[in-house]
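All remarks here apply to the structure that follows.
Chain IDs A, B, C, D, E, F, G and H follow the sequence of writing; residue 1 opens each chain.
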Amino acid sequence: RRTGLPEVIYSSGKTVKQVAQIAKRMYQNGMDILATRVTDAMFDAVKEVVPGAQYNPLAKTITYKHSEKKTGKGYVAIVAAGTSDMPVAEEAAETARFLDQKVETVYDVGVAGIHRLFHKLEVIREARVIIVVAGMEGALASVVGGLVDKPVIGVPSSVGYGANFDGLSALLSMLNSCASGVSVVNIDNGFGAACQAALINKLN
Amino acid sequence: RRTGLPEVIYSSGKTVKQVAQIAKRMYQNGMDILATRVTDAMFDAVKEVVPGAQYNPLAKTITYKHSEKKTGKGYVAIVAAGTSDMPVAEEAAETARFLDQKVETVYDVGVAGIHRLFHKLEVIREARVIIVVAGMEGALASVVGGLVDKPVIGVPSSVGYGANFDGLSALLSMLNSCASGVSVVNIDNGFGAACQAALINKLN
Amino acid sequence: RRTGLPEVIYSSGKTVKQVAQIAKRMYQNGMDILATRVTDAMFDAVKEVVPGAQYNPLAKTITYKHSEKKTGKGYVAIVAAGTSDMPVAEEAAETARFLDQKVETVYDVGVAGIHRLFHKLEVIREARVIIVVAGMEGALASVVGGLVDKPVIGVPSSVGYGANFDGLSALLSMLNSCASGVSVVNIDNGFGAACQAALINKLN
Amino acid sequence: RRTGLPEVIYSSGKTVKQVAQIAKRMYQNGMDILATRVTDAMFDAVKEVVPGAQYNPLAKTITYKHSEKKTGKGYVAIVAAGTSDMPVAEEAAETARFLDQKVETVYDVGVAGIHRLFHKLEVIREARVIIVVAGMEGALASVVGGLVDKPVIGVPSSVGYGANFDGLSALLSMLNSCASGVSVVNIDNGFGAACQAALINKLN
Amino acid sequence: RRTGLPEVIYSSGKTVKQVAQIAKRMYQNGMDILATRVTDAMFDAVKEVVPGAQYNPLAKTITYKHSEKKTGKGYVAIVAAGTSDMPVAEEAAETARFLDQKVETVYDVGVAGIHRLFHKLEVIREARVIIVVAGMEGALASVVGGLVDKPVIGVPSSVGYGANFDGLSALLSMLNSCASGVSVVNIDNGFGAACQAALINKLN
Amino acid sequence: RRTGLPEVIYSSGKTVKQVAQIAKRMYQNGMDILATRVTDAMFDAVKEVVPGAQYNPLAKTITYKHSEKKTGKGYVAIVAAGTSDMPVAEEAAETARFLDQKVETVYDVGVAGIHRLFHKLEVIREARVIIVVAGMEGALASVVGGLVDKPVIGVPSSVGYGANFDGLSALLSMLNSCASGVSVVNIDNGFGAACQAALINKLN
Amino acid sequence: RRTGLPEVIYSSGKTVKQVAQIAKRMYQNGMDILATRVTDAMFDAVKEVVPGAQYNPLAKTITYKHSEKKTGKGYVAIVAAGTSDMPVAEEAAETARFLDQKVETVYDVGVAGIHRLFHKLEVIREARVIIVVAGMEGALASVVGGLVDKPVIGVPSSVGYGANFDGLSALLSMLNSCASGVSVVNIDNGFGAACQAALINKLN
Amino acid sequence: RRTGLPEVIYSSGKTVKQVAQIAKRMYQNGMDILATRVTDAMFDAVKEVVPGAQYNPLAKTITYKHSEKKTGKGYVAIVAAGTSDMPVAEEAAETARFLDQKVETVYDVGVAGIHRLFHKLEVIREARVIIVVAGMEGALASVVGGLVDKPVIGVPSSVGYGANFDGLSALLSMLNSCASGVSVVNIDNGFGAACQAALINKLN
């Protein structure tokens, strides 16, 4: 495709029926399927029409690949600060895998207990591109950016309350990162981060 | 005094003449003098009427103490992320010293080069209370908060541009700190942080 | 622990089952338990697996201590403006007690009827550290800060409507306090305020 | 006049020449003159064409009345928190006097030193209407509102920095006042507050 | 009472039981009762314990007066822009009546059909104080302010959607009114506006 | 041209020299010239290279037309609330004339003195399209929109201070207009309003 | 009518019964009926009292015309970026048709796949006025504005999440359009855009 | 270096003397020099101590390389919407070249005249990574993202006025891009975009 990225079903605002219909059409046309922001009910409907469809209830994704092949020279590392950030991180992981990327995940390494991050540094440093998901103060993106020589894509999550303003604090934090190799996508946009990571890792 | 804190001259919005007059009156009444947010011209005027007045051009403070004595059981650590944060950190340092505190400063240990922070960890950990000044993403307060068992007072600085919105990013970051022992004062308010630090360190 | 603060269960966004499982594991490991932001259903599940667990339905906390001991030289005063601010104040009180602090609470002393505050001034002034919870215009933190010589930690509450913007008015108010010894934590963050208060009161 | 309020010159954004010309025309037409937000240069120009024009450099107002008479049954009290709020308070005072009101001013009674307010309570309580000017956290309006049985008009001032956001903190504070008899005008709008106060005090 | 205003029940965030209990206690103590922001269920519970309690389902108020008497020399006019603004206007009307004021209401006179306002101008102009409720662009406060010589209290309502931002557009509009005799209370705060109007109309 | 609108020089952020060079090139190529947001110095430079260039110092525009012709069936009415809004209104007027439109201007008809608007209603109603410029509360757009059966384009101006937030109050006001035929352009964008007005009036 | 636009039922915040009653009254008075923001239940109630009433469940509109006639010289083009923007686009379409306009719709032509827009350019260019509905980054309004010589009315939709802030991103985008013939209405206000489009297309 | 990026002088907030001293020290230590956000006076001082230093007055950068070598397999394309965006684009270009990247620039291809973009599509598509600089509505990033299969880094510029809010409109626009391969850096942060682009292009 022109943009290097296949068609994807963004299920938010769609009915169960609409999602199942689109999935069925894509399945019948021999297309691979990724649906994000799905509900349990959507999976129940899709699995009737797409045998073998996979559901990741944490990521809120449904995937179906006609065949598996991994591209990209190395892997995408997905790093998440807290357990509450895992849904966004998993959306990124499912998307990256759907886009034929190898993925390594490193979760629960937020800056309030930074020794946990250091224990996992090797696997982060050896990735070709790194996605960092963090809510609240979003500091993890800067800390990781200062420890690696690879591009870092920050995903601010909406985890938090009060002056978090639904993810604004993490978003501003990441945009103002004092580490120079960090760029940012929309709040909770694990999907978009994985798309860019895949385009990067496909470079050869 | 009722609040445990002496009178201080906040020079912003005052004329050179007003600052000099207040300083002179305080000097003649035997009061110690702290003026914050001063200009060079203010110091030129004050030193005429308060012999021995000290000027810290980075902190933008003038101080005069009739006698020195240090109170508090230990010291206040003042930690700053970048060199641009030093004026705010120095305002805090001058204020804390004026309030009879011992002070240790640890500068240029921002999270984009976190090894520099670890080299200085001992002096930070042994303080009784810690002030952390950081602009841009303000992540340093959370990182320090996760490494120590002492109260941490975050001072967001207005250092940065664009989506920094004059310190808002660091402010929100610190308010949403995932480290639990962190509280926050106004943007660039080194003075206020030092006041609270002094009240804490005076506890016995 | 490295940070002076034990592990705590933040229940918001967790399922009843997850909270009960974590509580059970902690109980079996001989750890004390504090869960914040719980629901009635969570307590019903936890009390099955943690005999003797205590529920504070106003604070929305579950606590269990293997043994009681009070540390800190004096007590933490928790001052709240209105009855609607009591949930946040009680979260702070439960957290402080869990962290082995003696606590005195002074509720319903908002600035619109300031004589009520003056009737309780003695117990506030004799604390070693003071938490002030207030919503709407959040003025109580400044008023208390101007009457005591102890550190004051302001907790803006989200109580209000309209131009309150979910606690923003009280937050900005407290950050701009004209009383110098006041610092601030996130909106509704009684937990965080108590953590810092405990770290302060543990100083000796 | 239809609105009970005479024409006034709002000098901001006008040239020295324009202000002088309007003043001259009004003088020649036998009209009383109030110009707000003036500069020194404007007064120099106006006094050439309006003999007897009065300048209040703190209030930044020029006034000229063909004859003096006081209306209203009692007086307007103008209460200001800090010395930096005095320009706004003086704009209100000059405007109220221009509108034929008796005025009592009570300055430097901010909430961080609330005993000063109590010393002046009598003169505030006996006014028929009260204007309260305060910047930073703007708490004074609520405190006064809780102590009197007269209408209180809050004027948030832009005094402050950082999270003050040019007066936003005081504005939101006053709008969320927990005292019920308080209304609010625009940031720094001493003029508007005095206009409403005059309309109130003219009621008989 | 010290503030000229009696105790009132703000029912938002209270349970049906709590509201009924407070109402009962007040009734038994011979106090008049005003409860705002009530639900149908609250009235069902209150009428069991307070015989003769009145419910205004549009205003969401319950009132009970042991005896009626009207004070104030004239009446309070309450002007509302659209039918959607009527709940806020009625909260103001019920509150003003509870505070012993005579009230005249003028509804559905928004600026998009300004001739309707002119048909009602007489009753507005003859009031001693005017409350103007308007959502969306809130222009009605300025228009009324320019047509009368009495104090105008603007109540921005949250009626609207999109860039209305829950009442922010009307709030800013009224704060920036080009008519000089206008002050403002919080979004949807019909209660507060009526309190100030009563304090004004009680002046003699 | 494809968009129906010729090339225009937006001078903000350009040097005097750059503006003069572009103007000269356009002149030599036989193109008509409109430069907006110019300074006096820019006109001094342009008139050297474009004989006959016209300067409107209030509008901050330079214009040069090789020949005059009026198109459009009727005229564009440009209505402004206050004298301070005239620069924006004049930018619109100069732009509309440059785009070959007949223009009628109606100034100083703000809603605080609404009778002045009614005196001019005829000329407004007979236009084919109406531009309304207003700052502060921006109410004029709604009032005009409710009185005419022609498209109204609102231009919020940045005139005001405090809670005006550089034009935000008027912008939100106009976007939330309760009059249905009103659309809006950017703050102070007289140019853009005139472009759309010209496209509308050129319809036949 | 004075404003060229008939009365319309804005159903948001009204009960099923209220909507049905108003519709019935209008029907009996021989008026045409347009109700926006309706629910399924509202249509069920309206069709009982208005035989022949039409429901567009996507647009959330009910319409009834006593007779059909098309006015305006050409047609209104309604262009929408994504399928999620279709409800807003359909509200515009139903409103325009109700106002006797011919309408052409061009959906699913967002800028991420700009070739789809180019395939439909002819029908857009030949309209007399164009409504562009887009959420997320709202770029479509600028792109269309740069390709046509007709007035473009942008409708920012609230489609999106995170830093979309309920339509703010598309709103600001359209207000800052670098294409000069673009004006904007409120977020999701398909109704208002169609009103202005009808007023424009009725010009002759 | 650990982060893959050398030390750089961020000159904003530094004095001429400080910049010259740092540059001299780096030169003497055999380090390459990049100083961003410089002034003319800074270059005058630096060229005295660093013979051969290069100044790009549009980019506001000073560079000095001890030797030139290009790394990366292909080139970085830098695309800018308008001429006012060129300073930010040039900061990116200078930074990328300093980081040993080949660079192709494509300027003045904003969406209001989208045919200009299509003329340059080949050179954009063949880059390995693309930086897009755009102010105002920032739509260019989405349009480019939809036309290429390479990672796109958006740099919102602060070019614009009014509801542009110093770059906020372009920032939100790019964060909400409907094209999936787009990430974003801070407003005006050409430097940061180039850092990430270099890290991407160095992948092999």
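Quick note on the criterion: contacts are C-beta pairs under 8 Å (C-beta built on N, C-alpha and C of every residue); 3 or more make two chains touch, one makes a residue touch a chain.
All of these numbers come straight from a predicted model, not from anything done at the bench.
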Fill in the blank from the handout: Joint neighbours (chain B and chain F) are D, H
Exercise for the section: Quick one: how many steps at least from chain A to chain F, stepping chain to touching chain? Expected result: 2
Exercise for the section: Consider the two chain pairs A-H and B-D; indicate the one with the greater count of contacting C-beta pairs. Expected result: A-H
Handout entry: Identity of the chain that, by mean CA position, is farthest from chain F
Key = C
Practice task
For C-E, find its twin among B-H, A-H or A-B: the pair where over half of the contact pairs carry the same residue numbers.
Solution key: B-H
Handout entry: Whole-Å separation of chain centres (CA-atom averages), chain E against chain G
Key = 35
Handout entry: Rounded Å distance between chain B and chain E, as computed from the means of their C-alpha atoms
Key = 47
Completion exercise
Between chain E and chain F, the Cα-mean centres are separated in Å by 41
Handout entry: Overlap residues in chain D, where contacts from two or more other chains coincide
Key = 3, 112, 145-147, 162-164, 168, 171, 175-177, 179-180, 186
Handout entry: Chains touching one another, given as label pairs in label order
Key = A-B, A-C, A-G, A-H, B-C, B-D, B-H, C-D, C-E, D-E, D-F, E-F, E-G, F-G, F-H, G-H
Completion exercise
Residue set of chain A touching chain B in the complex reads 81-82, 110-114, 136-139, 142-143, 145-147, 160, 162-165, 168-170, 172-180
Problem - Contact footprint of chain G on chain F as seen in their complex - result: 1-5, 8, 73, 128-129, 145-153, 171, 175-177, 179-186, 191-193, 195-196, 199-201, 203-204
Exercise for the section: Enumerate the contact residues on chain H facing chain F in the complex. Expected result: 84, 112, 159, 161-164
Exercise for the section: Flag every residue of chain D that touches chain F in the complex, lowest number first. Expected result: 3, 12-13, 156, 158, 166-168, 171, 186-189
